[in-house]
Each structure stands twice: as structure tokens, then as C-alpha cells.
Amino acid sequence: MDAIRTEHLTKKYKLGWRRGRLLALDKLDLRVREGEVYGLLGPNGSGKSTTLKLILDLVAPTDGAAWIFDVPCEKVVSRLHVGFLPENPDFYRYLTGAETLEFYGRLCGMSGAPLKKRTDELLELVGLPQARDRRLAGYSKGMLQRIGLAQALIHDPKLLLLDEPTAGVDPIGSKDIRNLILRLKKMGKTVLLSSHLLAQVQDVCDRIGVLNLGKMILEGHVEQLISDQRRLSITVQDLPEAGCAKVEEAVRAAGGKLVSVEHPQTTLEALFLEALSKDERGAGEHD
Amino acid sequence: MNAEQGNMTEAAQESVAVAKPEKEWVGFSLQRVGTIAENTFIEAVRQKVYNILIIFALVVIASASFFSQFTFGEQLKFIKDFCLGALSVFGMLIAIVGTALMLPNEVEKRTIYTILAKPVRRFEFLLGKYMGSALLILVSLVLMTAMFGAALVFKEHRLVSDAVQQAGSVPGVDAQHELQQQIQFIRADAYNPDLVKAVLLIFVKLALLSAITLLVSTLSTSMIFNVTVALMIMIAGHLVGTAREMWSGSALARWFLAILPDLGSFNIADDIILGNAIPWAHVGKVVLYGLVYLTCVVAAAHFIFSDREI
Amino acid sequence: MRRTRLLAALVLIVPALLMMPLASRIHSENVRLKYGTTHVTREMRERIGQGMAIALLAGFRGVVADFLWIQNNDYWMRKEWLRLYTGIELVTTLQPLSTLFWDTGAWHMAWNVGYAVTVDPANRTIAEGIKREREWWDKARDFLQRGIENTPNCPDLYFSMGLLYLEKYKDPCKAQEYFHKAVNAKGAPINMNIRMDAVGRLEARAMENCGDIMGAYRRWKQMWYVDHDQVDQLWSVVEREIRRLEDLLNVPDQQRVFPKEQSKPAATS
């Protein structure tokens, strides 16, 4: 079954007095399979947020339709199995972390001891157990993002919609969120996330779709899309200088062409995270 | 044979598995409405909406402490007029401003996205918000009425002791007798149970104003616009009574006036303070009018909100 | 979207129109109760200022009247009689059902201002002072008359009118008329200093001073023949007056309430 299916989904926004209409989404046909992590990419204004809002029935489509697990999305019941994390989430400032989760849980029909247990579990999962009784007014952006994830998961949904889940979050938090998404995938959940932080999306998504000006211009499996099938990357270790020339010869003899010889690079992110954890370990030793 | 049986059982199991997905259903839930209402109330309280009641307390204290150079009857009239008037004004402030903020805040902070992304009907959300507002108004009124009551008790004790002092200077059984009559008068004037009717009607009026503000806020997200329009409707509503008399001839005018809420009919405080007896039958009619009107306004808000783009 | 807006408009208009009979019944009851929904005229607005006019429109008539009344107190202190007079008129126009305002207003006019203008050093002659005093009595009398028309059930204003005639105009006959109305008024007095038994006694005395001694006697008897436990009354005074009048009128013994012979009411004369 498709977790999400849209057919010819179109949205035109009215721009007020005689300024015509803005075509935000143009006949989108999208299928997100159950159990996969799908990344919806595109520049600002390409229609990513609009797509999510249409799926959640926050706005009505001008044309076309959308289904969640084969239930039309105009029906309230379609959201029984969906968790949503909006962009730059904000919550009721005067509630504490635990109160916030309990609020959302009760909206999903949960109550009493099971709700409390679930709240505790989720706070652990997103790494906020120490802030459970602090009012949200005192949370940092990263903490708000985490509590947002927690509320999206409160009723254990099968499908998660995440709008820019790592925007404005520091590298550690961002890594945590990505790990969490992978864990959710292992649990069999479906994730549709929209982002314009491409490097981060690359790590977690199975498939991606690229939107521009409301139209899907590219779609496919990440692996297939980003790997250059013609080229092969072979990593060698402890090869002396002279060995390089021999390798080049061997390649040419086999009918290929040596394109480049350089030291493999790690990513800046990996370097940063490693440096931090080394520092923490060092500090731990000194104590 | 066992293998066959096993296969059939498996096949049977499979067909059951395929037929299984039952239709899930999400009905109207009072728990959801209650959750949203409670949350609305808590937000308002934690945002110190009730600080406004401190000003009310000052008004109560002032009206109870000054004016000692006036007669007993005048002093009690002042307390009742000023306290009920302030109760009405501050109540209206809490009703209109508190409600005007609700939806715009939700949209601005995007909390509405997270709520409506859950299996929550829009109507449950709207009703929950309104109930939260009504609860806020109710609690405010209860607190203010308690303060008003305390002022009356305080004044009654003061006046009685003044009367006792005055009578003390005139000896004789007759003076004592007259003193008893005076004390009876003071008590009856201070503790007029009909004042409860006045507060009840003020509550219904405020609930109605809150509903009207809610309706306006479904049309626009600017708080200033909401408050201004709600205030204008409030003033228009108070003029309906006067306008009815001036334009009693034209049928069209009468129809137009029927659509506006007749807020003047909720002001029986003046009459009760003057000692007029307002029968429960009349109070009941006004409450009924208010509740029906209020329901219609909330229904209208629901229609507009149900397909509002967020 | 247009369908929902139409629905919204319908649900606002149709039930409101259907409620018209209820609304108009409420309105007419209101008019009956309020007895004089005041139109805020321009003169009134100018007199009370913009802020208070808005308060009036918002339904705070009592508060506005109280503010004006407190202002009147200032005028009284500063001896600004004309301002006081128009102030009193204004307050009673705003709350025509307030016995308190009518009563105290009349008291200010007849007793306070009335006295003040007689001792006003600006008077050139004593006669002028008396003439001015008389004018204020007349003002008070007309004012009270309007008050009575607005509050027909209240004994207070009848009583005040009676006192006005008795103490100022020195007209016991007219006074008696009003004391009688006060005693028979349907409501209870607002002013706690009025004792209805005293009003009865005043009525009887006024009758006597007017010349109707028989009527006065009958009135005293009426006061005597009620349940002494239920009714508040200075019984000793009543008894004294009855005895006095019985002597004055030479009532035959067997018809007396208090026969001269302490034996059984005999047929002797």
C-alpha cells in the first residue's frame, strides 16, 4: 500500500485584488511507499510546504486529490496515523515539555497512565528528560525541534511528515535527528521529509523528488541518482609514490582511464563531530 | 491430509488477513474539546490575564472606602453601581481581547498546524477554544463577584456600626427599636439577592460578545481589527433598544434591528439596584435569547472556519 | 468556499428573524421596567461630556447618574444653586425610577436652598428673601409631583410632599392628603428613616389641624384597632390621642374606645 498517494494535486493561491493567482503546485503525482524515507527537495517557494499542507488538509486543493493509506485526506480519520512536525515549530510557551506532550496525546485520544508512560518514553527518545518540567519559553531552538518530533510521535503514527526537520539546528542535534529518522525507518515507519539542506537529506532518504515552481522535475532512488555508474572509486592504503604509476598503467591496460588521484576527504561535519567527542573524552579524563 | 489441512488453514488465514482492515472512524470527542478548552484557559491564566482583576480590586476598594459623607442609601447605591459597572467593563475587556487573540496567536505561532494535523475536527478545535474563553470569563466573574460581595459585607458592617453609634447617643427603648429597623433596612439594601440575576445576565452577555469576537476572528487574523469590530458591534448592540423606539415604523428597520444583538436587555443591574423586582421569567427569556443567539454565532464561525486556509 | 459563507450568513440572519417575537417581548418588558429609556439629546451630551455620554450608551446609566450626583454634592457645598438644580433635574432624567434622587433632590431644593436664600446677604430686603424661598418651595413641589408620577407606588415621595405642605406651606389639609396617600401606597419605603406608623400619626394630626376633628378621631381609632403584636406603633401615643379626642368630641361612653367608667360598657350616657 502507498503511504501517500497524490493524483494531479494542484493548488492555486489567490493573490488578492486583481493580482491573479499564484500556482503553488502543478498537477503533482506523488507516491510514497510504506516503509520508505522520501525526501521532498526544492528551493524556497517550490511548493514543498504546500504539498505537506495539502496532504494534511490544512488547505484545500484547487484540483486533484490526495490519500493517506488509501483514506482520502479530507477525512479526519486519515490523520489517525500521521505525525507532523512543521517548519520552525512553536508551541504553547507556558506549558512544560511533559505538559505539551500530554496535551497532544489527549488530542489523539490517549489518557491516564499509558499517556504518561509514552510521554516519558518519548522524552527519553528525543533526549529531553531533564527538561520535562521546564516551560517551553525556556527551550532553545534545538530543544523545540526535539519536542516537536516527540509530539509528532506521541500516538505512534505509521507515517511522519517532517517539514525542514534540521533547519537551524546545530550539527550534533542534526545528526541526532537523522539517526532518529533511520531508527524510525527500521521500526517500519514511513517518513516524508522536506528540506533544502541537501547533504543531510542524502544520508537518510531512500528516494527523493525535486520540486521547482510547483512541478516535480526529478525523482528517483538516491543511490541511483547520485552515483556515477561509469566511474569506480577504489581506495588504497599505504601505496608508495611509485605504485601510483603502476596502477595507472594497469588501468589503461584493462581499457579504462585513470581520472584522478587524490586523498579521500572526510566531510566537515564528520570532522567537527569527531573533534567534539575527542574533546569531551579528553575533558572526561582530566576530571 | 495434515499437510492439506495446514495449507487450507493458511489460505483461510490469508483471506482473513486480507479482509481485516476495518473501517476506522474518528467521532466527535468531548475529550478533545475539553483538552483544548483547558489549554486555552491555562494559557490565558499563565499569561497573567488575571492581573487585570487587580485593577478591579482597586475600584472595589475605592468605592467601598470613599463617600462616607453621603447617606447610607447613597453609599450602598454607589458601591453597587460602580462595582457592577466595573465588573461589566473588565468582563468585556477579558471577553473581547481574550477571544480576539486566540485564533491569530494560534496561526502566528503555528500551534494550529500541529493540532489540526492530529485527528482533530475543526469544529472540535473551534468549540474547544470558545469553551476555554467562556471558562475564563466565568472564573473572572466569580472572582469579581466575590470581591464585590466582600465589599458589600464590609460596607454593611460599617454602616451598621455607624448606626449603632448614632443611636447610642439617643437613649430610650424607642431609639433601640428604630435602630433595629435601620439595621434591617441596611441589610436588605446591601444583600439584595436579585443582584445575582444581574451577574447572570452579565455572564450571558459576555459569552455572547466572546462568540461574536470569535466569529470576527475567523474572518481576519489582525488582532486590532478583531477588537475594533467587536467593540463596534458591542456599541451598536447597546443602541438597539433606543433605535427600536425611534424607528418603530419601518418594517425594514425592524428586521435589520432584529439581526443585531440587543445587548441593552442584558443590563438589568441599574433596575435591580433601584429596587425593581425583575421576575425570573423575564430573566429566563433574556437568557434564552442570549443562548440561542450565541449558538448561531458559533455555528456561523464554524462554517467560516471549516474551510479557512491555514 | 462561497457555500460556507452563505451558510454562515443564513445561520446568523434566519434564527434572529425567527426570534423577533421573543426579542420584542423582551424589549417591551424592558421599556415597562425602565419607564423612560432616555434618548441622549445633544444638550444632555454637552452637559455631561463626551466620556460620560459613551458610558451612557454602553449601558452604565446608574454609574453616570452617580457621578453627576457626586458632582451635585460639590455644587451644594459651593452654593451654586442653579447648577445644583439643573444637576438634580439631569440625574432624575437619567434614572426616573430612583426614589432616592427625587426625594433628596426635593429636600435640597426646599429645605437647603430654600433656607440658604433667605439668609443670603445679597438680599436687599427680607421680603425678597422670603419671595426667593417661596420660589424654591414651588420648584420642589413641581419636582416632587413629577417624581410621584414616575414612581407611583413609593410612599417616600408622598410623605415628602406631605412634609413640604405641612412644614413649609403650612397647609395641613393638603399635607393630610399626601400623608394619606403615603400610608396607602403599595410599596415599602426606600428611605429607612421613614416609619410608616409615624406617617399615620402625622396624617391624623394634620387632619385635625385642617379642621376635620371627627375624621382625625376615626383615623386614630383605625390605628388602634389592629393587631398590637403584629404592627409597630407607639400605642401610648395613640391611646392618649384617642382619649383626648373622645373628650373633645364628647363621645358617648358606650361608643368610646376608652370609656370613662371602668365597668362594662353600659347603656348609660
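Which chain is which? They are A, B and C, in the order written, and residues in each are numbered from 1.
The definition used in the following text is that a contact is a pair of C-beta atoms (placed from the backbone, for glycine too) under 8 Å apart; a residue touches a chain by one contact, two chains touch by 3 or more.
Only a predicted model underlies this, so the values are computations on that prediction, with no experimental measurement involved.
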Discussion item. If I average the CA coordinates per chain, which chain comes out farthest from chain A?
Written reply: C
Discussion item. Based on mean C-alpha positions, which chain is nearest the centroid of every protein C-alpha shown?
Written reply: B
Fill in: Length of the line joining the C-alpha centres of chain A and chain B, rounded to whole Å
45
Worksheet entry | Distance between chain centroids, defined by C-alpha means - chain B, chain C (Å) | 38
Worksheet item: In whole angstrom, what separates the CA-based centres of chain A and chain C?
Response: 82
Worksheet entry | Per-residue overlap in chain A, given as positions that touch at least 2 other chains | none
Worksheet item: Where does chain B touch two or more other chains at once, residue-wise?
Response: 307
Worksheet item: Which positions of chain C touch chain B when the two form their complex?
Response: 1, 4-5, 7-9, 11-13, 15-17, 19-20, 22-27, 29-31, 33-34, 37, 39, 57-63, 65-66, 69-70, 73, 95, 97-100, 104, 190-193, 195, 232, 234
Worksheet item: Okay, in this complex, where on chain A does chain B touch?
Response: 53, 56-60, 71, 76-77, 79-80, 82-86, 88-92, 94-95, 103-104, 106-109, 111, 148, 151-152, 155, 161
Discussion item. Please output the residues of chain B touching chain A within their complex, sorted ascending.
Written reply: 24-26, 29, 31-32, 35-36, 39, 42-43, 46-47, 109-111, 113-121, 307, 309-310
Discussion item. Quick check on the complex: what are the chain B residues that touch chain C?
Written reply: 67, 69-74, 77-78, 80-82, 84-85, 88, 174, 177-178, 181-182, 185-186, 189, 234-235, 238-239, 241-242, 244-246, 254-255, 258-259, 262-265, 267-271, 273-276, 278, 282, 285-286, 288-289, 292-293, 296-297, 299-301, 303-304, 306-307
